[in-house]
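Before anything else, here is the set of structures, which you'll find just below.
Okay, so subunit A shows up in both of these, paired with subunit B first and subunit C after.
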Partner chain A sequence: MPMTRRALLAGASLLAFSTAVQARTYSGGIPWKAARSNPPEIFDPEARFFTPEERAFISAAVDRLIPADDFPSATESGVVTFLENQLSGAYGRGDIYYMKGPFRKGEPTQGYQSQAPGILYRQAIADINTLLKSEQNKSFTDLSPDEQDTFLMRLSEGKAELEHVDGKTFFDTFWQDTQLGFFGDPVHGGNRDMASWKMLGFPGARYDYREYVNHDGRKLSFEPVSVAGNFMKEAH
Partner chain B sequence: MVKILPRREVVIVGFGWTGAILAEQLTAEGLDVVALERGVWRDTSTEYAVTNIQDEVRYRYRDELFEDLSRETLTFRNDISQTALPMRMLGSFLPGTNVGGAGVHWNGQTWRFLPSDFVAKSHNEERYGPLADGMTVQDWGITYDELEPHYTRFEDLCGISGKAGNINGQIQEGGNPFEGWRSKEYPNPPLEMVLAPKMFAKAATELGYKPFPGPAANMSQAYTNPLGVQMAPCTYCGFCEKYACGNYSKATPATTIIPALMQRENFELRTEAMVLRVIKSPDGKRAEGVEYITPEGEILHQPADIVILAAYITHNVHLMLTSGIGTPYDPRTGQGVVGKNYAYQCVSGVIVFFDEDTHINPYVGAGALGMVVDNFNGDNFDHTGLGFIGGGYIGQWQTNGRPMESHPVPEGTPKFGAGWKKAVRESYGHTVGIGTHGAVMSHRGNYLDLDPTYTDAYGRPLLRMTFDFTDNEFNMSNYLTDRAVEIAKAMGGREIREGRRKGHYSIVPYQSTHNTGGTIMGSNPRESVINKYQQSWDLENLFLTGAGAFPQNPGYNPTGTVAALAYHTADAIRNIYLKSPGPLVQA
Partner chain C sequence: MIHPNFPKAAIVAALTALPILPAHAVAQDKNTYSTIERGLYLTRAGDCAACHTSDPEKPYAGNYPLATPFGTIHSSNLTPDDATGLGKWTADDFYKAMNEGKRPDGSGLYPAFPYTHFTLVTREDSEAIFAYLKTLEPVSQKVEKPGFPFPLNERVVMKGWNALNFDDRKFTPVDGKSAEWNRGYYLAEGLGHCAMCHSPKNMLGAEENGAAAYTGGMAEGWFAPPLKAHGNAPGLSDWSKKDVSDYLKYGRNEQTAAFGPMADVISKSTRYLSDPDLEALAAYLTDLPNTQEKDNTKTGSTQEAASSDTGKLVYDTQCAACHGAQGEGVKLQFAKLAGSNIVQSDNPTTLLRVILEGTKAVPTAKYPTPHAMPAFNWKLKNDEVVAVANYVRNAFGNSAPAVSSSDVEKLRQGS
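Moving on, here comes the complex of A and B:
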């Protein structure tokens, strides 16, 4: 069949579409709109996912993972607020993850095989306290800091057999989320006062270092900035 | 109820790099082209503004620019004895979505493959004898010389910053002496180097290697490309890969092609148009068009004279399998071609820890800011007795100092707690990472097919990936890592930490979005899905672009070759196919 070279009659094919499809059809120029932007969603200091008991577990555990030294601990950095926001939102619900069954325990190389993170956290915290009750007749918050460390290490090594969920999957998820709260932009509720960035010397959301390319190993020093700018001071 | 839309001359499925290249080339020829993109429109300067984008939580860890697995994903297993399970969260690789695709969030390392890479089977057999058992390496059916003008075209489009090592056979000081000939110098000079790549280059030079600036799609100066699209100098913000550049400093489809393409009356883009299958003609010899679904659930049939599948490789393979085009590959018999020779990248690293007086300032970086040694790539060195073919480059890319993703700690650091926190604080800002970027040769047991259990949001079976590294990869990667360790030790740090490739391939840690194969190209339909013009052997008006074409994956980043192949295909459609539609290579 020889190819024709007809020019498209502008807009003719659009007649076949519903309004919704037309709204997503682009032709004849860049669809630029004035004052459009895609700003970050600012965390809600009142967001709650955890029950008071769960919150007590989380607060104790994150401060063993990232304790205070010359720089703030995880709770002092707002990591619990970060987790409350994350788990009560799209992340906790698993909105962008594949959450269809059947659920099976796979090989470690096959990755996350649990239900949505919110369900994983809730179930894991309950299972951990059940396990500790049966083994030591204590809940996690009753343990001494050293005992808490020992238990977290055991969890991280896959040596704590939980009833409903995979303990190592929970630890890996929880530890990544904790670090994310500690190192992430304060707009999400953690890293209060950009403390971790000050600790590291990371300048945050700056974007032009052309003057410093030739630094040749000398110490650069910047006051960090957040993607949210100064208005975040009120929220924290 | 399927609604049939008016026929178009060309329909393109997926609007990333290759979709945009084909759309630009074919509209320039006067063809009436419609592109269907599953994601949404995103405006570079406003929606990817540099005031918003430097956000690790939102972009890297909550996947804002990546594909939505709740709609479609794949299942994975290491070998056929295992039950494949769904990739529920992204990990090892990060396919894109939305206009521009993964081209929006790449680093910009823009390579050419070596001339010998295109004849990997015949070249290696001639030099070293028969391939190892189970290795299914093939020649591409295309040569480097055929692709050279198309590589040049893409480099000019993107304004690649680099230094040529071989211009028309003349070796150039300061460039890569191992590269294939190029017809001219890069369009822009190399990026100015920060300290870390300079330290790497000094050590590598002392060891007798020839380090050179990595070819970068990050602009070393202001640039206007051949389509008249203007780009701005890179500001070294250190947010390239996994992020978008609102600064027009990184070449992406949206910063190089789309502003020009969108002006053309014979081009139309439809977003949130999820293509479900290719419709074959009743005689099974042509593609009638494609069927897609809107977010409202409306199913539309778009007929077209030419159908181009330009989705990410996993989705191109999936569309072929779910549309019943070609014979699926069977690893037991070695018969069939669709899904054959899936491959990946085999990477490793070494970290050098310096004392607290050496300030690396890692956040001053760019996605392709680095110095590279190519002595151990492809067949640039004698493999006799080494137990592998292929290789990779060793490089120091100073891409970023993003604190969540990049906080290396020395060997022996506690997993968490006070000791971990102290080590993070003391190490950040004083480390340099060296990476090796190795090939993955194709192997009989590594392939893609359809999963028997899991389905996507549209009810189609998920793609199933069966993949593991083989002895060739481990031997190759250990050899490269040994060389990288030697360079690392020569850099004079306090200590080093090796990150060798060990154990089975895991879909969890990020490695690279360099998935290849499954719709491979070759010289005949018994061994390949497409010919050297990326035309289907089965349906003559169906073309497939992307890294699915690679019969195995060489030791370089794929985008340069993916784009060169797309230009080569566009050229063939414009100059040969339109005059005489039909098979461009006789089977």
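Moving on, here comes the complex of A and C:
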């Protein structure tokens, strides 16, 4: 077969490629060091974001959102500790959000559009107490549980006009954070004794269910497990 | 047949055809390619690099600090440097070191150098190793003096030690055993010096022989498990020859994967061995004289451990995903714990270190990406480590004495 110009060029480029690139076999693995690991950050029981007045508001409000029944209330479950940790950390500072301009009112479908959550909480609590003072000459903690429920309902429906922040945005954020504290892993400060997991029958941070694939929906009654361990019954 | 790669083919033939090469078979120029290549092979078989290569940039230049119960000793420079290495040594000097543990001036070497094993190495093999070492780049590397206390710092005490612990043996094939077995015997007892780690040591740091040989020993802070049934540990009694040769060649077999110091041995030494030599080692090591039957009687406390709620909870949630709900592991991937030698060893050091620190398998040609087990030191409290260790030691048909919280604490302090 006569060598065409095209074949010659193709061959030449292939040759250049194959001499420039040498086949290499890589062996080994991801870096590994004995006794080293990257454990989850464990909450600090002393972490404080709220002032005592703010903390009193938060404690009263979360226990209206999740009151005690057969299972512990939000405060008993450590939700306030969870919120103190979250708001004094990266979440409270809004580190996970783009926080620069332009500032326009976003659509609800655009997700969280407010200021850093720490500022939102602080401003909202102050505004709520200002509103309640002007309307009823009481702060939130002075209200009866029923009155507190009524006010929280009003907030959730967007019917409480706050001076600096959007009341519904605050309520939605606060309600979501409360649930995260109540149902999240105890490593973050809430869900003490994995009470909510026991309530749901959620097994926690286990990672292999092959044994139970053919369990046909029967109840497994697993002891829940945290990502940080804590397996000793007496330590609970 | 004319073979284009004659020298290599000759080596392969030399290595595979005869279990032990008689003297006349290698009566050739000691500097031929084949002798040097054979020397490299034997140097690897002896895992010389483990102690004599401290800096990978300076192979065999020594000065590797080896911690012993008596103090730290630094390995010799094996490169042919006149002032600091073997440059002025003769093949006779080298053979005397290998065979008698003596330096050219007659003073004794310390037995951190396994001359107690290398005494079995044939003159021919010793000369091939020496011929190979002579081809290395000379490296000027001073070696620190042994940090032994008086009187051990006087080399003359080695005379007494040798009188008690050194037997200047010659290799003689054992009658009634196959040529393969005898080749395995020569490699394991000689260059391979397996017993340096896998046998217990007496108060003088010498290996125990006889019934105690290969019943496991401490090495570099790890417990090298028994190679024959001892206490509750099965040794290699339930490993096939293929299990042994695969383990030494690939760092992995159907039972487990190598880690810790044995991973280094495989990486620097045994993975280079020829298949016939690996099979010979397997033939010998699976035929170590068993001095006892596996003890399956459980004491009350260990029975309790097997049903411990905490132990089972930790195992089911943390270990079972890889090691299997019934300790069955995943073949060629994750170690089987049921029937495991290390899990059931009387000395729990290695098991506990693995739980606390995690481990990493060794990359080999067949398995280039090794698995790693994560450390649990941050997650499990001492009592939880104890509970899960006792659980795996006594569940799945296993049995072994209970470990204690102080065993765990000691290792935590050490790591």
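Here is the rule we go by: the second predicted complex is superposed on the first by the 189 of 236 C-alpha atoms of A that agree within 3 Å, B and C clash if a C-alpha of one lies under 4 Å from a C-alpha of the other, contacts with A are read in each partner's own complex, and residues count from 1 in each chain.
By definition in this document, a contact is a pair of C-beta atoms (placed from the backbone, for glycine too) under 8 Å apart; a residue touches a chain by one contact, two chains touch by 3 or more.
Since we're looking at a predicted model, the values are computed, not measured.
Novice: Looking at A:Glu223 after the superposition, I want to know if it touches subunit B, subunit C, both of them or none. Which is it: first, second, both, neither?
Specialist: second
Novice: Which chain, subunit B or subunit C, is in touch with more residues of subunit A?
Specialist: B
Novice: Check whether A:Ser134 is in contact with subunit B, with subunit C, with both or with neither, and answer first, second, both or neither.
Specialist: Neither subunit B nor subunit C is touched by A:Ser134.
Novice: By the touch definition at the top of the document, which applies to A:Ser144: first (subunit B), second (subunit C), both, or neither?
Specialist: Neither subunit B nor subunit C is touched by A:Ser144.
Novice: Would you please give the residues of subunit A that touch subunit B in one complex and also touch subunit C in the other complex?
Specialist: 25-30, 32, 36-37, 39, 205-208, 210
Novice: Using the touch definition up top, name the residues of subunit B that touch subunit A in the complex.
Specialist: Interface residues on the subunit B side: 3, 5-6, 8-9, 30-32, 34, 40-43, 46-58, 61-63, 68-70, 73, 76-78, 82-89, 91, 192-195, 233, 235-239, 247, 258-259, 262-263, 265-273, 294-296, 298, 300, 305-306, 358-361, 363-364, 401-404, 407, 415-418, 421-422, 424-425, 428-429, 453-455, 504-508, 577-578, 581.
Novice: Going by the contact rule at the top, pick out the subunit A residues touching subunit B in the complex.
Specialist: Checking each residue of subunit A against subunit B gives 1-8, 10, 12-13, 16, 18, 20-21, 24-33, 36-40, 64-67, 69, 71, 90-91, 94-100, 102, 104, 106-114, 149, 152-153, 156, 175-176, 179-180, 183-185, 187-188, 196-197, 199-210, 212-220, 227.
Novice: Contact residues on subunit A for subunit C in the complex?
Specialist: 25-30, 32, 34-37, 39, 205-208, 210-211, 223, 225, 228-229, 231-233, 235
Novice: Would you pull the subunit C residues touching subunit A in the complex into a rising list?
Specialist: My answer: residues 309-310, 313-314, 316-318, 320-321, 325, 356-360, 363-365, 368-372, 374-375, 377-381, 383-384, 387, 415.
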